[in-house]
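Presented sequentially are two complexes of subunit A, the first with subunit B as partner and the second with subunit C.
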Partner chain A sequence: MIKRVEINYRGIFQKTLAKRIGGDIVMIAARMGQVGFSNGRYSDAPERNGIPCKYFAFVSPDLSEEELEAECGAKLDIDEANISVVLDDTMVKGVEPWAWHGVRPINEKVVPYGYMLVVSRRRPEDLVRFMARKPYPYYLAILEGDASFAGLWVYRDDLTHERVLGALAALDPQLLSIEAVKGYLWDKTHEEHRVEAAQKAYESVRHNVHEVTPLQGIDWPYEIPKLPKWHEFSEGVVVKAVPREFHLGPKGQSRNQLFKRGTTKSQRPVVRFDLCTKCTLCWLECPDQCFDPTPDGYYDVDYEYCVGCGKCAEVCPVQECIVMVDELAFEDNRSPWEHWKRDPEGYIRWAEEKKGTHRVLPNVVTGTGQRVVEAEPVPVGGKPKPAARAGA
Partner chain B sequence: MATADKVLVYDRIKGVKQIPLEEFYTSGHRTCQGCESATVMRQFIKAAGPRTVVAGSTGCMYVANTSYMTTPWIVPWMHTQLGAGGSSAVGMAAGLRALMRKNRIPQEKINVISFCGDLGGGDMGLSGISGALQTDYDLLIIMYDNESAANTDIQATGLTTWGAQTTFSPVGKVERIMHRRWKKNVAAMLAVGHPNCRYVATACATFPPLDFLNKVRKALSIGGPTFIHTYDPCPKGWDFHPRYSHELGELGVRSGLLPLYEIIDGEVVYTYDARKTAKGRIPVREYLTRQGRFAHLTEEDIAHIQRMVDQMWDEWEVPGVAPFRGTLKVSA
Partner chain C sequence: MAVAQPVGVYEREDLLTGCQAVAEGIRLANVDVIAAYPIRPYTEVMDAISKIIADGKLVAEYIVADSEHSQFEIVKHAASVGARAFAGSSGTGWMYGFEALVVTATDRLPVLFLVGNRALDDPGAFGVEHNDALAIRDMGWLLCWVATAQEALEHVLLGYRIAEDKHVRMPMALAMDGAFLTHSQHIVRIPSQEAVNRFLPPFDLGERRLHPDNPVSIAPQVNEDWVMEIRRQNWEAARRARRVIATAYEEFNQVFGQRYRPPYYFEEFLTDDAEVVLIGMGTVAMPARTAVRRLREQGHRVGYVNLRWFRPFPTEELRESLRRFRAVGVIDRDFAHGAPDDGGVLLHEVRSCLYPVRERPAVVNFITGLGGRDVSIQDAIRMFEITQEAAREDRLDGFVTWVGVRE
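Right, the complex of A and B next:
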């Protein structure tokens, strides 16, 4: 028997975290007399910031190490997962890794009556409404918390690592027992608060498991791209360029249709067009070219291509004009400029509702955390104020 | 501005409203969030326009832009080998010249641009670039410098800043500083050694605004082989949140650590004059403490970098450019 755990994480931001969880699953399973090994998905390397990636851990109580490795090693992806861990809840909208897998449902690999463990502060129904319908029931478990983001060198030690291990013990005690998790953490660190964090997560997740029936979820709107056969490649491995096309207005610029990578973002920019001074900076500084100049001098956003880096919000010289908002607040990728032109008041009301009352500002060194500040909303017709630079 | 700037005739972009709206390097690429090298790609091709052919050496901007049978390029683009930035530019320029001479294609100005990373250009491909800068072909080589082999998960190169953590220079318990080389001065080295090359510049895609766009226009207008070195803050390898990419470039330039200049027909023109007698510079601390790759530096380390930067601007014969000191003496 083999238990397969996949850890879905945001490239670079959660690389160290996912790797540590995967490695520790193997170490703890070994304490329980099981055999395990852990690896990253080959096609995710070299990782890019924000791109959905996967780490795997395989555990078996009865196979030898060689047999387990022969069964599970050197594969592009796994076919099924007993437990699918999701370290950032915005990935429930779909995951498009950079190796042309297409936009896949986050629950794609979960087996019947298997588990999804999502780190989130949302209610289960607010997550399921983005996820693909499955033909069989499975369980959604929620580990309450914020997505833990860090950079490549400065790790964010906010106990998410210990909490996920405790939560896994709650879902499948045969895979990891809570005693083994606690014993391992104590032996490794001799720090009581790490053991406690695992225990608390274990207790809370046991009461936060919800069955998802085949009636719940959505019809998946994305097609899986068809990979060309070897004889379908053109001579010299020529790739067709994007056709030249440009006009003013939404989607007026031709773009790469085969890789959109919008699932890279965990936040998206919301624009108050009424405050915009048409300074061009959001458009000019965008590394992903997702702002479309409009005939009236504004800049529309193509959210299909936006990766949510937040540069536009940072360079925008007007306070509250461009604000980064949690990706799960949005259902679609429609053009905000068209919405505003059609219904200016309705759009601003909608935008302000999405923006909420607080602003989350990441510290410059990602692993050192973030600041949450109260918003100073600017009313319609209000005088635009210069933005304060968030970078501290 | 200096006299050389007046001599050089080019189509200057005078304000942000004059920047061409159309993209020739478009959305849908595989770079990181907040990638400044993608901004370099986008801007150089915006400045050059659609009648341009581009070659790219192996590196981030190759793998991230033409992998898995899709591309964000609208202009013709060709992948070339890691160290072949210079030779591929010569090959393309020579091919175009031959085709025009034989009347196979109409006579017109087609820009040839070849880009390479700091590993591909500054370390591996240096001899090829040197060769290209001694030819009489019209070509531009852009070295986008994110101070690491960023495609393969951040290995140190000859252009990595002293003291930075990379996968080749991990912070140890016994040895804190594992990267002990000072950043290689590639642009100035090429300018000093290639008197036929009329235009060499350093730039940062986002600071000062418009500067990089106009430097590309100048390089393509002056004729002959030219070279631009860009400083690209890398959110992945330098470890800062992608939201602040533009700010890091500005701080690097204003601290004097990343000198911005043009060398036009042998004359040095400072884009940002970090000499104390001119605009001056901010402490390097403001730049270093905003990056996780320098999180292990002590006060002593920061003081060392500050000393090196001060020396570069206060003592060098050509400040920020050429590290010579003193007057000519005849040996006995």
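Right, the complex of A and C next:
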């Protein structure tokens, strides 16, 4: 028997976290007399900010290491997952690591009655409504928490690593027992708070497991591309360029249809067009050319292509004009500018509701993690004020 | 042998080095872009081409690069916009630009390169050794050796004809022995432009040409989803190249008279009734042929096979040829450190080519002429004698002989 655990994470911020979880699954399973090994999906390029990637751990109670390696080693991806860990809940909207992979459902590999373990502060139904319908039941477990950056050395440890190990013990005690998790963490660190974090996660996740039936979820809207045979594409790897087209308005610029990269984002920019001074900085600075100039001099956002890097919000000189908001707050990728033109007041109410009352300051290395401050909302008809700069 | 010579095909004769002959070929092929960076023995060709341009005999972009890497990148990109391009190098310079060379092959851009063979690179050694050009052998290139200045000029024209063929479109390395051919002056018949134009069509990259009117992306990053299919395409091109090569020589003969005989990929010298042959590449053909004549005068049934095309390797043709003999002596002007039986590169190609033959000839190997050491007629005779002995004894051990080393 082989237990396959996949850890879905976002590059680059969660790469080390995912690797440590995968490695520790093997170490703890070994304490329980099992064999295992761990690897990352080599085809990933997890250095890309936010890109969906995978790490794996394989454990067997009865196979030899040689047989386990033969089944699971030297493979790029797994065919099925007994447990699929999701370290950033915004990935439930789908994952697209490369061109030609298509936007894949996050639960693609989960087996019947297998587990999805999602780190999230959302309710299960708020996650399932983005996920693909599967023909069989499986379980959704939620480990309450935020998408952790703690694997990156500039961010403070938030114990997500220990908590995920505790949560896995809650889902499959044969894979990892909570005693083995705690014993391992204590022997490795001699830090009681790490053992406690695993224990608490173990207890909370046991009461946060929900069956997902074949009736739940959505019909997956994305097609998976079919790779051409060797004689079906141009020699010399020559690709027809995207014809350069431009008109003012939403989607007025031609873009690559084969790799939209929108699943890279965990946040999206919400624009208060009524505060915009048309300074052009978002349009100029966006590394992915996601801002489309409009006939009235504003800049619409093409969310299909936005990777959520936050550069626009960082350079916007107007307070509250561009704010990054959790991607799971949004149902679709429709044009915000069209929405605003159609219903200016309604759009601003909608935008402010999405923005909520907390603001994460543009990412700066503080050693203490993200800085969150209270919003200073600007009412409809309010005047633009200069943005407070990080570090100012 | 008297050959029918169409009138007006050659416009004049001149005394040219191998490099100058290549430069004449570049002029006649009306090459658009030349990138240059000096390293001997290749350097003489860049001198010769710049003189031709300065004299107003060729209109071309002549770019002196800041290194071989830039030099090879320049011609690769020039070819991608549809320019007929030329570059070249020797020894370590060739190796320094290797990254660009391998991408030129996967980009399937038919640039012609001259490799003036040079040793790799016991500090400063600049004599001939074939390992520099041979390093490209697994990378999707056409690789061909010439043995005379006349062949050098003609293989510039043949090279572009073959490399640019729409069924091929592979980069081509035209290799010639440093010093012994690059710097050796011989009388060369220079074809007329009119005749060359009849043989060599203009370069047309078709739908792959990078141009504002034909916007394309070239060489996007690929991953494991693509590399096998790309290799499969390249392999197919190399397979097609075997046919295109033969066709190109036939067309060449139609324009220029019967210059080359089938099977074109290699040239046999007095092999019809031969019992043993030597096979080699490049200028070693000169002492080997003379040795054949002298030995034949003494009644020995020996012959010589001058291998031109190393890539694609003429597997079937060479197999059919060599299986007729009792023993084959493979001359390697290269060394493959740590290879099976400590033999040279060509040994392994020839031996592998002969393996499926049930009654195959004995194969022995000679490592000779390394780093520019000359190979004499006497050396060639000795190689024949050892090969004849192998034919008698069919030895399996001790069959690699170093010829010309001080011992």
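Everything below uses one rule, namely that the second predicted complex is superposed on the first by the 374 of 392 C-alpha atoms of A that agree within 3 Å, B and C clash if a C-alpha of one lies under 4 Å from a C-alpha of the other, contacts with A are read in each partner's own complex, and residues count from 1 in each chain.
Methods note: a contact is a pair of C-beta atoms (placed from the backbone, for glycine too) under 8 Å apart; a residue touches a chain by one contact, two chains touch by 3 or more.
Here the structure is a predicted model, which means the values were calculated and not measured.
Aligning the shared subunit A places subunit B and subunit C in steric conflict. Contact with subunit B, but none with subunit C, is seen for A:311 once the two complexes are overlaid on the shared chain. Judged by the touch definition given at the top, the superposed model places A:76 against subunit C, while subunit B stays out of reach. After overlaying the two complexes on the shared chain, residue contacts for A:241 are found with subunit B and with subunit C alike.
In the superposition on chain A, A:202 contacts neither subunit B nor subunit C.
Applying the stated contact rule after C-alpha superposition, one finds that A:100 touches each of subunit B and subunit C. Contacts of A:347 after superposition: neither subunit B nor subunit C is touched. Partner contacting the larger number of subunit A residues, of subunit B and subunit C: B. Comparing the listed stretches 128-136, 164-172, 218-226 or 290-298 of subunit B against subunit C after superposition, the clashing one is 128-136.
In the superposition on chain A, the residues of subunit A contacting both subunit B and subunit C are 98, 100, 227-228, 239-241, 243-244. Here subunit B touches subunit A in the complex through residues 16-17, 19, 21-36, 38-39, 42, 50, 63-64, 66-77, 150-154, 165, 206, 209, 235-237, 239-247, 290-293, 295, going by the rule given at the top.
Listing the residues of subunit A that touch subunit C in their complex gives 43, 76, 98, 100, 227-231, 233-241, 243-244.
Against subunit B, the residues of subunit A that register as touching in their complex are 11-12, 45-51, 98-100, 151-154, 227-228, 239-244, 246, 248, 253-261, 264-265, 279-281, 284-285, 287-290, 293, 302, 305, 307-311, 313-315, 324, 362-367, 389-391.
Looking at the complex, you find that subunit C touches subunit A at residues 106-109, 169, 207-208, 215-220, 222-226, 228-230, 232-233, 236-237.
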